[in-house]
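Structure first, commentary second.
Order of writing sets the chain letters: A, B, C and D. Residues in each chain are counted from 1.
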Amino acid sequence: MLANDHVDLAVGRGEIHALMGENGAGKSTLMSVLYGLHRPDEGTISLHGKEVSFGSPAQAIDAGVGMVQQGFALFGELTVTENVVFGSEPTRRGLLDRKAATARVTELIERHELRLRPGDRVRDLPVGLRQRVEILKLLYREAAVLILDEPTAVLTPPETERLFGVLRALAAEDRTILLVSHKLQEVLAVSDHVTVLRDGRVSARGRTADQTAAGLAAAMTGREVDLDRVHPAGTPGDIFLEARSLTVPGVEGKPLLDNVSLTVRGGEIVGVAGVAGNGQAELSGAITGLLKTGGEVVLKGQNLDGLSVRARRDAGLAHVPEDRAEVGSAPTASLRENLAVGFHRKRPLVRKGFLRRKEVDDHASAIIETYDVRASGPAAAMGTLSGGNQQKAIFGRELSHDAPFLLVEQPTRGVDVGAIENIHARLVAHRDAGHAVLLISAELSEILALSDRVLVLFEGRIVAEFTKDEADQHAVGLAMAGGAG
Amino acid sequence: MTRVRLIAVPVAAALVLGAILLLATGTDPLAAYGAIVSGAFGPDGLGDTLAYAVPVAGMATALAIPLRAGMVNLGGEGQLVLGAISALAVGLYVPGPGPVKVVLALLAGTLAGAAYAALAAVCENRLGVPLLISTLLLSYPAMSLAGYLVRFPLKDAGSSLPQSPQLPEGARLPEIDGVTTGIFLVVAVIAVYAVIDARTPAGFETKVTGWAPRFATYAGIDRPKLTLRLLAASGGTAGLVGAIAVLGFPYRFIDGALITPQYTWIGLLAALLAGASPLGTLLAAVFFAALTSGGFAMERATQVPRELTAVLQAVLIIFLAATSGVFKRKAGRA
Amino acid sequence: KDPAARNAAGPALVLITPSPVGVNDFLKLAVQGIEDSAKKHNGTQKVFQSTDPASIQQNLSAAVREKPAVAVAVGFNFADAIAAEAERNPEQKFLFVDSCTTKPFPNVTCAVFREHEGSYLAGAEAGLLSKTGKVGAVVVLDAPQFHRYSIPFGQGAAKAKPGTTLAPLFIGGANPFNDPARAKALAGTLAGQGVDQVMGAASAAGNLGVFEAAKQGGFFAFGVDANQCPASPGQVVDNVVKRTNVVIGDGVDAILGGKTGETKSYGVKERGISLTGLEPDAPTSQCVVASHPDVLAKVGELRDQIISGAIVVDDPAKS
Amino acid sequence: MIDASLFSSALTALTPILFAALAGALCQRAGVFNISLEGSLLVGCFGAVAGSWYTGSAWIGVVVAVIAATAYSLILAIGSITFDGDPIVLGVASNLLAVGLTSFLIRTVFGTEGSFSDPALQGLGQFGPIPGQSLLVYLSWLAVPALAVLLYRHPWGLRLRGVGERPEAASSLGVNVTKYRYGVILAGGALCGLGGAQLALGSVTLFAENMTAGRGWIAVVAVMLGRAHPLGVLLAALLFGLAEAFGFRLQGIGLPQQATDAAPYVVTLVALFLSNVKRKKGQPA
């Protein structure tokens, strides 16, 4: 398979250049080539007019090229300073010069107003701050070319705004910035130029000022995409899920989840908005049983207290987790096996205690077909699918349970506009079939587009609740930042 | 096609390396290899190979069971020995007709091994000691305990050795041509393992856990419970192998007799090499058994040091492990 | 393949050892014995070395398949395997050295040792030489067979100098027969308790560890099986010698002469067990005891009393 | 019960384990699970004896031990890094290979079996104020702070820990993961070589088949118990050494040998429980 097929890309000095494209279009691959992580089979890279060839990131770094990879390249066990200087540490008499390192990092933090503490362990930082550590790493290396692969995928609107502020300032210092993003509005807002890839080729390029959202979306997918679609409200019925006083103690007295109660009705999508790290993981753990918590959860009249994950699933819970690669699937196993999980103790896959091969196969094929999972077949290893297709497969598996209650976390993180449309439509259809859906998302636009009711989670508490009509970008965004309730 | 290359290349490489070693010591490699093959599979040697293959394949299967879920049981020796000594105690002291004794002894061995391995699982589940370490550490006290029992309460009064009395005539597993009938039990265990692995929800959950532990937890597979069950199954199989060993010739427990031949370690290697797949594990185990018994035959016939086969075996494993990595990587990219 | 094998007209002999011969003095003497016998009868000999119970059995049946005039097995580990093979092959003659089958067989001749007599004499030397009145023993395993080297050692010491006490320690651990470092640590532990004469029954490799500890700790040690004094001259007092070669020669002669099925016990009287210091080549043995004629004289008397039956040394392995 | 010789013998017993455990800790930090310590130690023992025997110098023996064990650890390095093989398979196999290979070599090189020794074989001799200890014993203690400084005060240590935590991230920062992993495995081999040399030329002066007798496995446990920190590993090894030396004493007062055999393992297991319980209390679920 060709990830990149004769892609030409020219980026000027002091410019923010956006790169867009569907999942698996080859954006990350292209960036990796620029950063020396992969070698191109053909073609050349020129920097400041001179042809260069990076055999390794070390050479790219030396040439002033830095990259923030999709998903972070940080060490949780190390401090901010250690993460920043990693690989080009200041030394004194052969040993690490901690003082000099801290001084330099502090200075950079102050100059770029990044508001980080050099001594903090990265493990303890929220996602937004981690992103800044990544930027700090590039600044420390005095990168003239900054490559950022989907840096905003995990950020909230205010965080994104701050990041863009930093990026604009850097561009003003004559640095070159290459930005990969799936988010049309962001690209339109921040970039000077844009290039769109489709199937490993360039399908559109030009000054951002000349582009429209619809035009870019069409260039990415090859078809018209309805971008501003807000799905009509559902018709909520009985309460399917009720959570009462869920509490998860924290490390230093401050609970990670603090007395959270909520209900979800059949035929209703309840959106939980909030900046990542405000208790979303704990809320999901409390409901699914992956985490031991205080409080209780009642599902269709059945108290789930003390029940195992499996028993909760049997009681009518389906779950699309946040981390599709490690939690939601087994990347080395085949699609067939991945899709059988959860069905492997039930009819028709099992009869008289034995798994039946044909039924397992049919089950996989049915999901692949229904949910339009693009793969070479049920035998393909899950890990070889593109992110969007993995997500569709996981959705297919969980929706097929036809469970009364569905918990969905970050359903479209890192997924392209085409796949987002598909996934959103599925969720609404699922709701309209009478199921209850709890949607946890850091993507405000997603919350607003899908939710019949919006709850805002801030520092472990529900600080605000909006009906579909009340919920708008401004009000919810304010509550997410702790400005309401 | 790749499957064949996967095995053939390392085997050829190991054989060539062995040939070089043989030439260096001034021996005709063909004669030495011939002696190994005829010693392992010839009319005289096949019995020896099978006799060796029973404990090795048994232990390999025992260790493969948890390995399928990515759990390494390093305590096979302790479980094996406890199974053996428990079976012996039952065989010696429980009254009743012979066949009943045999069945009870086999059960006792299985239970003892299962319980002891389950203890290691509890150490991981409740006390946070990783399985790898808890199984390893628990193994030594078990061997010491068996050593103590066979020297004091269970010792052979007439003998000066650390060994138990022989089991009474009726309470023994008969032999066919020098091979214990326990071989049928081992084959049955392997068959059951193969069926569970390939065709049942329990086997499927085991494999899912092996592929991606967090995925398994998310999907509702209870890891602590699975650990306990798999370890019990593993230790039980190891204990059964121990029981089969004492119920066979010389019909007694001799301190160290189950440890020095390295059944456990060779079994573990077989399981690791085959990725714990039931049939692959069996094949690898039989192959190693053949190499070992062939090695002794070679030494008797040609005076080439039998350690050569140990070297060959290890070199082969190293080549296999290394190349499987290469193939794994290639497959991942394709 | 072996030219000697084809030309020799005499009987074929096979020796099966329970473990690799290597530096094991007991087994080296056994090999010497079988070689001498083969030469004497103008026959052939082969040695099959085993490593573990499984290979013992395999080697023994392989030996039987060769149909030798005598299959010689040394080491207590053979008891069950010989019983089984002897029953299956009534025509095959076996010489079983160092132990015997529980049930007698007409085709199995046994030769056993009374090592305890030698330990007793060595203990007497230790008692006489000890300045602290404490003697010790480092022994591979806590098992009756090996108690023959510790308990009589203490008894002999107490006999020679009343009040002398014995402190035995056992190696054990993961590899008792090949853990010299542990043997050394144990010997050092004994020295720390004031022991100044240590019997080393710690296996071939283990004894070297004991001797080394003796050298560093400035105490004295005793060896077993053969003359181990040259391994650590000045530190090794004497050795309990097991003359396996002589015993094998006797046994093969007897079997070839048509006498089978007996059990013969070799002790001090039969000169199957002795001390290096009491042998004619003592002056060149490099043993410490050679420079203590007074001690040797007293021990010589004790030996004579054992031979005459005036002293009977208890066998700890027959409790 | 407790006297100077207890500590002295504990010290001697502990040194090979300490060297091997430090090797294991170093590898663990870089994300390499090394269970081939037992085999590397054994190869070190053989190399030390062969080197000392053929040159007449114990110190050349030490050098040969280091070279031999380092070279031997290439099996794990090449197998697991270059060829991406399973480190557990490779570790178990190379432990078995070490036993077979040294037994084979003892037959072909020294023409004997089981063990090799000779009064002319040079040992390391005593050194320093503590009786009965060789220079390597002191070296093993020095290695503890040296490794701690390397790991926590040197750029290599920072990178090494990064490589251990997230290799792909380290790699994207221009750190050559392969090089670091080779580095720790080979350095681990060298440490095991020193441990083997101490066992074969310091504790005693001879080579015996499989003379490491499980010490490499103890080292694996010590790495675990010491949480791969040099100081923790030292404490873990010390605990084991003391438990063993104390066991010898207990045998002296009449406890059966089997009970004292099991003691160090039980003590270690209990120590593991306790350290886990303490950790769990420190951070609520």
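Of note:
Criterion: a residue touches a chain if its C-beta (ideal position, glycine included) is under 8 Å from a C-beta of that chain, and two chains touch if they have at least 3 such contacts.
Bear in mind the structure is a predicted one, so any value in this text is a computation, not a measurement.
Summarising the inter-chain layout, the chain whose CA centre lies farthest from the centre of subunit D is A. When the C-beta contacts at C-D and at A-B are tallied, the pair with the greater total is C-D. For the pair subunit C and subunit D, the distance between C-alpha centroids works out to 35 Å.
Distance from the subunit A centre to the subunit C centre is 75 Å, each centre being the mean of its Cα atoms. Once the centre of each chain is set as its mean CA position, subunit A and subunit B turn out to be 46 Å apart. Computed from the mean C-alpha positions, the centre of subunit B lies at a distance of 27 Å from the centre of subunit D. Each of residues 256, 258, 261 in subunit D touches at least two other chains.
In subunit C, the residues that reach two or more other chains under the touch definition are 49, 141-142, 172, 174. The set of touching chain pairs reads A-B, A-D, B-C, B-D, C-D, using the touch definition from the header. Taken together, the subunit B residues at the contact with subunit C in this complex read 44, 48, 51-52, 140, 144, 147, 151, 158-162, 166, 178, 249-252, 254-255, 257, 260-261, 293, 296-297, 299-300, 302, 306. On the side of subunit C, the complex with subunit D involves touching residues 19-24, 49, 141-142, 167, 169-175, 178-182, 184-186, 188-193, 204-205, 208-209, 212, 216-217, 230-233. Remark: subunit C residues 1, 46, 48-55, 57-59, 61-62, 65, 76-77, 79-81, 84, 99, 102, 141-145, 148, 172, 174, 317-318 touch subunit B in the complex. Those residues of subunit D that touch subunit A in the complex are listed here as 149, 153-155, 157-159, 161-162, 165-166, 168-176, 283-285.
By the touch criterion given at the top, residues 75, 78-80, 82-86, 88-90, 92-97, 99-101, 103-104, 107-108, 217, 220-221, 224, 256, 258-259, 261-262, 265-266, 268-269, 272-273, 276-277, 279-280 of subunit D touch subunit B in their complex.
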